[in-house]
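Okay, here's the structure, questions in a sec.
Letters A, B, C, D, E and F mark the chains as written, and numbering starts fresh at 1 in each.
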Amino acid sequence: MAKKAAKRKPDAPADAGDDTVITALRLGSAALTPAMQAYFDKCMDRLGFVPNVLKAYAFDMPKLEAFVAMYNDLMLAPSGLSKLEREMIAVAVSSQNRCYYCLVAHGAAVRGLAEDAVLGELMAMNYRAARLDRRRRAMLDFAVKLTAEPWTIDDADRAALRQAGFSDRDIWDIAAVAGFFNMSNRVASATDMRPNSIYHGQNRA
Amino acid sequence: MAKKAAKRKPDAPADAGDDTVITALRLGSAALTPAMQAYFDKCMDRLGFVPNVLKAYAFDMPKLEAFVAMYNDLMLAPSGLSKLEREMIAVAVSSQNRCYYCLVAHGAAVRGLAEDAVLGELMAMNYRAARLDRRRRAMLDFAVKLTAEPWTIDDADRAALRQAGFSDRDIWDIAAVAGFFNMSNRVASATDMRPNSIYHGQNRA
Amino acid sequence: MAKKAAKRKPDAPADAGDDTVITALRLGSAALTPAMQAYFDKCMDRLGFVPNVLKAYAFDMPKLEAFVAMYNDLMLAPSGLSKLEREMIAVAVSSQNRCYYCLVAHGAAVRGLAEDAVLGELMAMNYRAARLDRRRRAMLDFAVKLTAEPWTIDDADRAALRQAGFSDRDIWDIAAVAGFFNMSNRVASATDMRPNSIYHGQNRA
Amino acid sequence: MAKKAAKRKPDAPADAGDDTVITALRLGSAALTPAMQAYFDKCMDRLGFVPNVLKAYAFDMPKLEAFVAMYNDLMLAPSGLSKLEREMIAVAVSSQNRCYYCLVAHGAAVRGLAEDAVLGELMAMNYRAARLDRRRRAMLDFAVKLTAEPWTIDDADRAALRQAGFSDRDIWDIAAVAGFFNMSNRVASATDMRPNSIYHGQNRA
Amino acid sequence: MAKKAAKRKPDAPADAGDDTVITALRLGSAALTPAMQAYFDKCMDRLGFVPNVLKAYAFDMPKLEAFVAMYNDLMLAPSGLSKLEREMIAVAVSSQNRCYYCLVAHGAAVRGLAEDAVLGELMAMNYRAARLDRRRRAMLDFAVKLTAEPWTIDDADRAALRQAGFSDRDIWDIAAVAGFFNMSNRVASATDMRPNSIYHGQNRA
Amino acid sequence: MAKKAAKRKPDAPADAGDDTVITALRLGSAALTPAMQAYFDKCMDRLGFVPNVLKAYAFDMPKLEAFVAMYNDLMLAPSGLSKLEREMIAVAVSSQNRCYYCLVAHGAAVRGLAEDAVLGELMAMNYRAARLDRRRRAMLDFAVKLTAEPWTIDDADRAALRQAGFSDRDIWDIAAVAGFFNMSNRVASATDMRPNSIYHGQNRA
């Protein structure tokens, strides 16, 4: 993979820079707290890299720690939603908001968790084109409506989730994950955040 | 104020229930951790009540703690944006998203911080009608565009903030506060979250 | 109230000016006709002030008289809709159009007619968050759809009103009130019309 | 024209009914007041027919009189805007709102006042395709923006009108005519109002 | 009709120029191939003029030939949709896209094929106001939804067409005609294409 | 790569079916004409497969031939736009319309022609995030505005293209390519067209 990447033409090194200049803002840097250093080390161990969003927040430790705590709780803690389902919400919401960073990073996650090279594409391009079961379609319909027109969400929308088998706690989790990516999409778009270039090739087959 | 509230007619107790049934979801309850108990106690001391959003999150301590940590960092930690400016962003974003909970709670905050009974109304109804200086108008134009069409944010939008006197760190903070309320608005709308009734009368004159 | 208003900080006299400079347009003035003088006198008697919208129209007597005649017929004449219901339509429509003048003035009217300090807020912020009976929800759904996408109104929309108990004459009145505020909202927004500052504190508890 | 209309095929008498069943609502009828009888007589004299919108309002004399008074003041009284310009605003606004009644009736008026069979079509289809001078383009840009997104109107929009040569009184008149048709469009759409069939053939060459 | 057109006032010859300067682009000209010469001759024979869209494409023979081949197949070849139905789709789609050229040219076609002077107006102004049978209403609902929000089309939309009596082949044809005019509308709008002035008076009674 | 593909889980064979069931419509089949047989053979030779869109149109030879003729002229014939630029327009337009088929097929084309694994992703996700030179940004801004709001295209939009160095013929080509994909996107969405699964892995590094 690395060898082929070297073939990229000199006039189009779009992603090379993405790993060194991560946002359009010049924000100083801060020393990582021990907890955050340990977290970055864990990223290196498990992923082989530190996701750029973490580097972007690392100019200020309280902001980084708050982001990491919320992210890990939402995406990794026990939930009635599988990790794949939470990543599917992440990508469908990011597609509605056309967020480059999140589509690249979480599209790779969907491909990996599903062991399906195509599902991440479907979420990024138009989740309605994916042949989903009723549960997942209802989940994404809610998340995307909540993204596009949150003011119209109503008892009928919650009832549709319950009819698709979701508990009230699941509804909270769908809302919270959708909400979180509505936040992250906007921080990424506001700062022109660039994803690590390694994501592009991950889990493609 | 509490006394006047008692004047409300028996057939229109819309807000009375808002303080007891806070969301449309039935989520168990959890014992407050010592840190969260201390935080709720501080709310009682300073505000006289615990904001309903905190009670809504209190079914799960990691979620509550992550929310509180991020909220307090964004809204209360040192920043180039004043606390009032951050609350103005909160309300202008919540107006774009037509979020009842956040408009009520943060509208009261703008009225209080500004010592201006009208400014909160202007933010909630149409920030463009407020006679703001150039800095605050640019700040809100960015926050609301980021809310409505995040995919269109561009170098030109960041340049407009710099020309209005904002540093790159300030731009981060505008984006982060706007992003946070895009999350909170959606959690509140998804769960039909109801604001404490006491907010309505606060700082009205 | 007037006394507390004096507490407003010198750098934020947003509403003080609202009572003296009412629009962004310089339009000469005209002598009130006897009928209009009597009407303004009646406003002073009953309300203690003349609503700024009337002062805004007072540069031309035929325009003022036509406005007053239509307004009074729609909002005060006998109808199957209560006065409160007509004011609820006024505010929900004005919320869809984000009209500062009308939200302030008619929000106060809803609070007063309902003797409910909260209902006006709900109409102004998001009528869908109000816990309305079926009749009123159907009425506002129709009025807001007619405001946002009038070209989509169909027999099915009229049928929904009839099923909620409205007569054909009631449907006319809903349409006419919603239509009227779609006019007024635009005249107010086009001219930057400012509401009397006294509205803000009215009927708050 | 009447003769040719008779050529229409029996299975497509769409407009024949338009002159007898004017709205989808069954509203009783009322005796015309002498003033309104005189007005209807004048319509018969000058136009050869009574516009259906007047018949639609004629179930209630105060409503009819208020409508007629406002209409005549706005569209016929002295103004810095020519009658043609006011009709151009009527049609451009009605096009934005896709109002069948108003496009038919006022499209015919533009064709007649302009003695230009095409200008009414351009207003109804897309005013931006008409080759207008700067004054009229600015006028319609304002009226259509005010129709589509009234909350975004700003000092800059008023300044653009002034730079195109309009006085503050002219700006009022543009706003008032645009506002009026935003009302009328919605009353017509809400009631499925049908235009007199004679309009279709008027001023076509 | 041609005689009456001569009555148009000298200061408003909007459409006169439409027959000589057809687009806002200066594109050279090309010699017509024999096939295209024959096609233009046939237009002259049958219509009395060459539609301006053909002249606009005639700067390049392969483009003209490809356009003509696709157009004739879609609009004239055997299909479960009548020619009138295909023209109704053309106009309803062009109305959604507010395309002046296509509304004028195909509005005339609907008037002619239906022998109904009004139906073309209804399609151009708001197809929902036409009193259509269920089949045609379903057909246009699909075509206009496909135009406005193609990403939301779903099995349920196809099922609605089948329930209205359309075969799968008919669904293809509805989609293909709607798609074609979504293309043509954009080429016309991008180039400011002007319709032949003769269309305006055609089939008016 | 092939080996990993075998790992795909049995319950997620989304793309396997995409090569056999190409649309949601059951349309008979037709014998390929010699010209079309030769074209399909050429596809097999050069690409190793026949693009599914061609198979979808192959139920009817005149439709297939018209599509192929227009496609090849637009995307392959000499033009002031490079083939890559035409494919960039295809993907940016398809992203605006969220068309799964076209994003997959033409995203692969951009990756291949650019020899840049990332550029196709950028076009599909949000072309504004790509770091394009002024020419290409202007080209895509025009194509996407033409897609989203064709009725607003104006002389100023054409002037912006000329200032970015485009000739009038180039403007035609931008419009024609953007128009074509507005057609294709809708045919694909209307029929639930599925891309060949091979596209997903093409040109990824």
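We adopt the following convention: contacts are C-beta pairs under 8 Å (C-beta built on N, C-alpha and C of every residue); 3 or more make two chains touch, one makes a residue touch a chain.
If you're wondering where the values come from, they're calculated on a predicted model, not measured in any experiment.
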Mutual neighbours - chains that touch chain C and chain D alike: B, E
Relative to chain F, chain with the most remote C-alpha centre: C
Farthest-lying chain, centroid of Cα atoms versus that of chain B: E
Size of the rotation, in steps of 5 degrees, that lays the CA trace of chain B over chain E: 180
Chain centre separation (chain D, chain F; CA means) in Å: 44
Distance between chain centroids, defined by C-alpha means - chain A, chain D (Å): 51
Intercentroid distance (Cα basis), chain F paired with chain A, Å: 27
Of all residues in chain C, the ones touching two or more other chains: 98-99, 126, 151, 192
Chain contact graph, described as a line, ring, star, complete graph or other shape: other
Each pair of chains that touches, named by its two labels: A-B, A-C, A-E, A-F, B-C, B-D, B-F, C-D, C-E, D-E, D-F, E-F
Chain B-facing residues of chain D, complex: 151-152, 154
Sites on chain D touched by chain E in the complex: 1, 4-5, 7-9, 12, 14-15, 95, 98-100, 103-104, 114-119, 121-122, 124-126, 129-131, 192, 197, 200-201, 204-205
Chain E partner contacts - residues on chain A that touch it in the complex: 126, 128
Residues of chain D that touch chain C when the two form their complex: 24-27, 59, 62-63, 65-67, 69-70, 73, 77, 97-99, 142, 146-147, 150-151, 153, 155, 158, 168-169, 171-172, 174-176, 178-180, 182-187, 189-192
